[in-house]
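Here it is: the structure, laid out below.
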Amino acid sequence: MNNEQTAWERVANMLRARSLWMLYYCTGCGAIELPPTMTARFDMERFGIGPMATPRQADILLVTGYLSTKTLRRVIYSYEQMQAPKYIVGFGSCTINGGIYYDSYATINRLDLYVPVDLYLAGCMPRPEAIVNGFKNLMDKIDQGEATGWKDYEANYEWYRKNQIDALGEVYIHDEFHE
Amino acid sequence: MIITILSAIALLILAFAYTVTLEGIARKIEARIHRRCGPPFWQNFIDIFKSLTKHSISHGFIFDFGVLMALGGTIATVLFIPAGNLVVFPGLDNVFVIIYLLAIGLLGMAMSAVGSGNPNASIGIGRALTQMLGYELPFMIVLLGVFFHFRTSSLSELAVLQNSGGTYNVLIMPIGAVVGFVSLMGMLGKKPFDTFIAPAEIASGPLVEYSGKYLGLLMTQHAFGTFIEIGLFVNLFLGGGKTIWEFLLKFFLVYFLAVIISSIMPRFRVEQAVKFYWKWPLILSFIQVVIVVFIMGRRV
Amino acid sequence: MSSMNDKLNEIMLMAGQFTFSEITKRQFSVNIKSSGLLSVLGLFRQKGFTHLSLITGIDRLNDEKFEVVYTLFCWESGETILVSTLVDRKTPVLPTIMEMWPVARFYERDVHEFFGIVFDGNPDLKPLILENWSEIPPMRKDFDPHKYSKEHFPDRKYNADFLPEGGGEDE
Amino acid sequence: MSILTLLVASLLAAPILYLLAKLNTKIAYGAYAALQVFSFIYVFFTGRSNVSYEVIGITERLNFNFGITPTNWFFASIVLLIISMSAIFMFPLKKSPVKIFLLALVSAGTLGAVFSQDFLTLMIFWEISTWASLILIIQDKEKSPREAIKYVAIASIGTYSMLFAIFYMLDKLGSIDFSTVATRIESATVEVQLVILISLGVMVLAKMGVFPLHIWLRGSHSSAPDEFSPILSGALTKIGAFLLFTITAALPSFRIFSQLPVFNGIPMVNYTFALLGGISIVVGTVMAIRMEDAKELIAFSTVSNSGYIVMALSIGGTYATAGGLMHVLNHAMASAAMFMAIAAVAYRTGTTKMHEMGGLILKMPVTFATYLVAIISVAGIPPTSGFVSKWLIYQQLVQNGLPFLAFAAFFGSIGSFMYVFKPLAGIFLGQLKPQHRNLKEVPLVMVVPMAILTLLTVFWGMLPSNAIKTINAVTASVGINAVEVTFSRIVALTGEWDSILVTTVFAIGFFISLFIFMRAKKARQVDLMDNYTAGDFLYTSELYHFSYRMYRPFDRLFEKWPSMEDWLSSLSDKIKELGALLKAIFYPANPQLYIGLAMVAIIGTFWWLR
């Protein structure tokens, strides 16, 4: 991987690794672990990681917790509104295998079938140390040019889309609340 | 001619490098006040250049054009700010020209943001324009007193006159300087006057749809804008500087003060901000101008 | 308490006998027949239970019944009453109480969506929360969420040797 | 050929055009436009250098005096430019014989007024155009008659006041032509001077729509036919500026009032006028920010800008006079261009309510550009002519040290950002409504005048020296010092600026950012509906267009302000109540009360006479 990068890409990846703006999609309880991570105790900002308000500006989509079919639609929509290079961090065991509600009729079990996940943080919930550690790993991956989820998504778009349709029926929902 | 071009390039590079560095330092200072460690001081350079490398979306012609107009107008304005002894257009740097040229940038940004079609952006622009009516009025009225006193509205001449007179305006017109500083906080969009970008409330307002290089350009524009606004204050009230270093030092002090004030403030609602500006700063500015016009008179 | 008893006795006089139990000091539940639903709820409303907090359903699969519970609240005395009624599982039809509590439109919609109970007279029984749902209503006991989840949301396959014989729960 | 011939021709044109329009409206409108363009070109090119006077005698003491002086020529060129552009512009709009008759009368009256050399001629021709415009206002829209009544009421206040001034002048000074009055008024007593100046000033305030006589502008500008609003705002109010310039500069108001109290070098009377101008800037700005209809908004911006002109010309002095005259020029162009752009939009969409439109920029690019340049000029941003006048006015404010007037000037200037941006956002930017998806740009006939006004605005913004030189000639003819200009620089007491340099620097900045923009990755074009919605799906563009009550927080600050219109209508109610009371007392229903009333009267009389 490393050898394929041009000099320009290496510089760009270096910059990207050191300035990560995240959009945290607070789908579940995991978001409660973020305030301590951002404030004085663990201070995420010293790595150049900061919160952003909109998907247009953000680099990381932080999926913090359970995803129901309803929220998965919104996650996909937000992800598609983000601009490449973009990374997804799956937060907690519920994004990995469905967590304790793995058998619910509305909870999806595996996030990386629908969107490309660059980093999973295991735990229920992961402690701030784990989050910081995970972000450090993600920064290394980006620096080495290995975090290529967004390229996978573009290359295998049909496959991802098929999984999405299988689970959700349709991604862009039309109903009485949206017309 | 060649000297003008060279000094223009030097001023632009200086403005960019210095202000972006200071913005990084400001983040560090703010982190220290929060008892955090804070990012390295070059973090804002990384942010800007990273944004420029990213992909982006565009909402059509006016979305692009407005951003270019914003950055172009602001770059043009920077060239009229004297930085110590680095003056690009001596004598032609009229303050009214600077203030109205800065408005090109604002108008471009407003057009572009509203052109994105996002209501959050429109709300933010509405708030920004409302707040502008708040902070510009006291500032302009104080300026009237300054120009009346010194008989000139050229920024570099004002700086030279203060230096040759031996005292700075902040001592001659202390009330005006306070008003000017409060207005400066509004101009910079620092807390408590940052309703128009309120990230948690209207999703960073005008910036809501900007991605990649658009965001990078606007961050650059914001850096230049900061340079202009603080440069105006330093030249008007602190006598600019005999050398460029003196100017940069004063610049740092003013910015430092603004940052530490803003980092302990909550946010005003926009009508509260306007009401605030039209109460004390406006009254004080009138008092200052009346003192200047009717008691102090013109400078001999 | 005594006032509550008075109220209940009055209602019983008018609506006939029904079973009644006290849950806590301020919570009571009554079981009524579905035919007398509207009149009993109307009487409760007259007696001060003007606030409809919730309508929920329970699937009594063994009895071939649905139980529908109306939670009413009285602002004067702070008492809550759960009015529950049973309805046949094959033909789950109940009259709507939209005329008494307009907000019931949405509660009934919700119960209809998750149990398939039809509220006769409610014009608005479209899906409320689920999007693109095509199976039987998911809160019914004969709906197998695990099977559904397996069909629709594939799980991760773990090929680890520490799992008990026969694989993990999902294998 | 002379001015007189032109005037007679345009007066005669009115009935002829009416008859022609009965046969074929298109030919009549074409002939009208041709006549207006011809008179503009004729006046512009012949009147520039030669000064001439013409007189028609009616009775021994009563003459119609016309003349071409630099002042007349300056105002006539502006007014005729606006009228001729509107005459071309109105070609595709709704036509009728009555309208063309009235339009011809309006332009003839305006032509006579701006070339007049005495007050009576000025008033007669002015009234011709006023009354013609009055009937013209009620032609198109339903609510118009009510608004026209307001116009009549306010206009007649001005007219009677001026008529009084004319008779008073004839009585006290024995003359009514400008030059004679100017020399004789100096030796008159202060009371005579005050009465003349103030009663003429009332006329100015009424016709320019300056506080407290501003209430007619909102209704009549917005309910006038779309093609007539540019003339009403761009041309007719500028005759008021002509009279104001005559009474403040040509009659030496500064010299004659110098024995009255003087504030910062400005005599009390002038200061009062300037203060009224300042109040009308503030009122116009605040009201314009609150409007939801584009034409009403521009009407209030006219109030505000008329306030600027009144303030500048009343302050006097080198820079303010030049700035005021420059403002006459660029407000005429800008407000005409704004009204034209709105008329073009209304022609295509059929509405002037801002929140009913949106996203028209790609559908009507020229209209958008016209509006954009016009608002940049109104807001006073450099590469347009609006900045020049504001800069000059500020110089005078600084020189004289006038903080309270400066407050109004700054308020109007910064507030104008707010109100001019609202139509831009509401009409041209934002989400395109589904019903406007198939709109096209307006026809070429409408595009050309808008483009000409836009180009002129930019031209005089980049080379203000061109206009300032002309204005210097005007001010020189009344004995005011010239503003020092070179090719690109304007020099004032407190500083100088270089318009070419500012434009160049802006262009350089623009190209630097364009360079960075082009070097970075090319952006992907997305639809306007693909927008950040906090993750929700949305398919209705109406919900995504935020322009209705855009400045609601600001409006809330001014909700408690007294409204002039409310006050007047409550006053009229009170008068009605008083009438009803008097009626109830003196015209009782039954005869006993009459007897009782008579008894009271008799007893009262006896008691009084005892």
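Order as written gives the chain letters A, B, C and D; numbering starts at 1 within each chain.
Operating definition for what follows: a residue touches a chain if its C-beta (ideal position, glycine included) is under 8 Å from a C-beta of that chain, and two chains touch if they have at least 3 such contacts.
Source: prediction; values computed, not measured.
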I want to compare two interfaces, A-C and A-D. Which one has more contacting C-beta pairs? A-C
Chain whose Cα mean lies nearest the overall Cα mean: B
Give the label of the chain whose average Cα location is farthest from that of subunit B. C
Could you give the separation in Å between the centres of subunit A and subunit D, each centre being the mean of its C-alpha atoms? 58
Where the CA atoms of subunit A average out and where those of subunit C average out, how many Å apart are those spots? 38
Distance from the mean Cα position of subunit D to that of subunit C, given in whole angstrom: 69
Per-residue overlap in subunit B, given as positions that touch at least 2 other chains: 53-57, 203, 208-209, 212
Residue list for subunit C, restricted to those that touch at least two other chains: none
Give the residues of subunit D that touch two or more other chains, as numbers and ranges in rising order. 530, 532
Taking the top-of-page definition of touch, could you list the pairs of chains it picks out? A-B, A-C, A-D, B-D
Quick one: which bits of subunit B touch subunit A in the complex? Just the residue numbers, please. 27, 31, 34-40, 43, 46-47, 49-50, 53-57, 199-200, 203-204, 207-212, 215
Name, in rising order, each residue of subunit D that touches subunit B in their complex. 264, 359, 361-362, 372, 376, 379-382, 387, 390-391, 394-395, 397-399, 401, 403-404, 406-407, 410-411, 414-415, 417-418, 421, 424-425, 429-431, 493-498, 501-502, 505-514, 516-517, 520-521, 523-526, 528-532, 534, 544-547, 550-551, 553-554, 556-557
Flag every residue of subunit B that touches subunit D in the complex, lowest number first. 52-62, 64, 67-69, 71-76, 79-80, 89, 91-92, 94-97, 100-101, 103-104, 106-107, 110-111, 114-120, 122-123, 125-127, 129-130, 132-133, 136-137, 140-141, 144-145, 147-148, 151-154, 157, 203, 208-209, 212-214, 216-217, 220, 269-271, 274-275, 286, 289-290, 292-293
Subunit A residues within the subunit C interface of the complex: 69-70, 73, 96-98, 102-110, 113, 166-170, 173, 175-176
Can you list the subunit A residues touching subunit D in their complex? 25, 54-56, 73-75, 77-78, 81, 172-174, 178-179
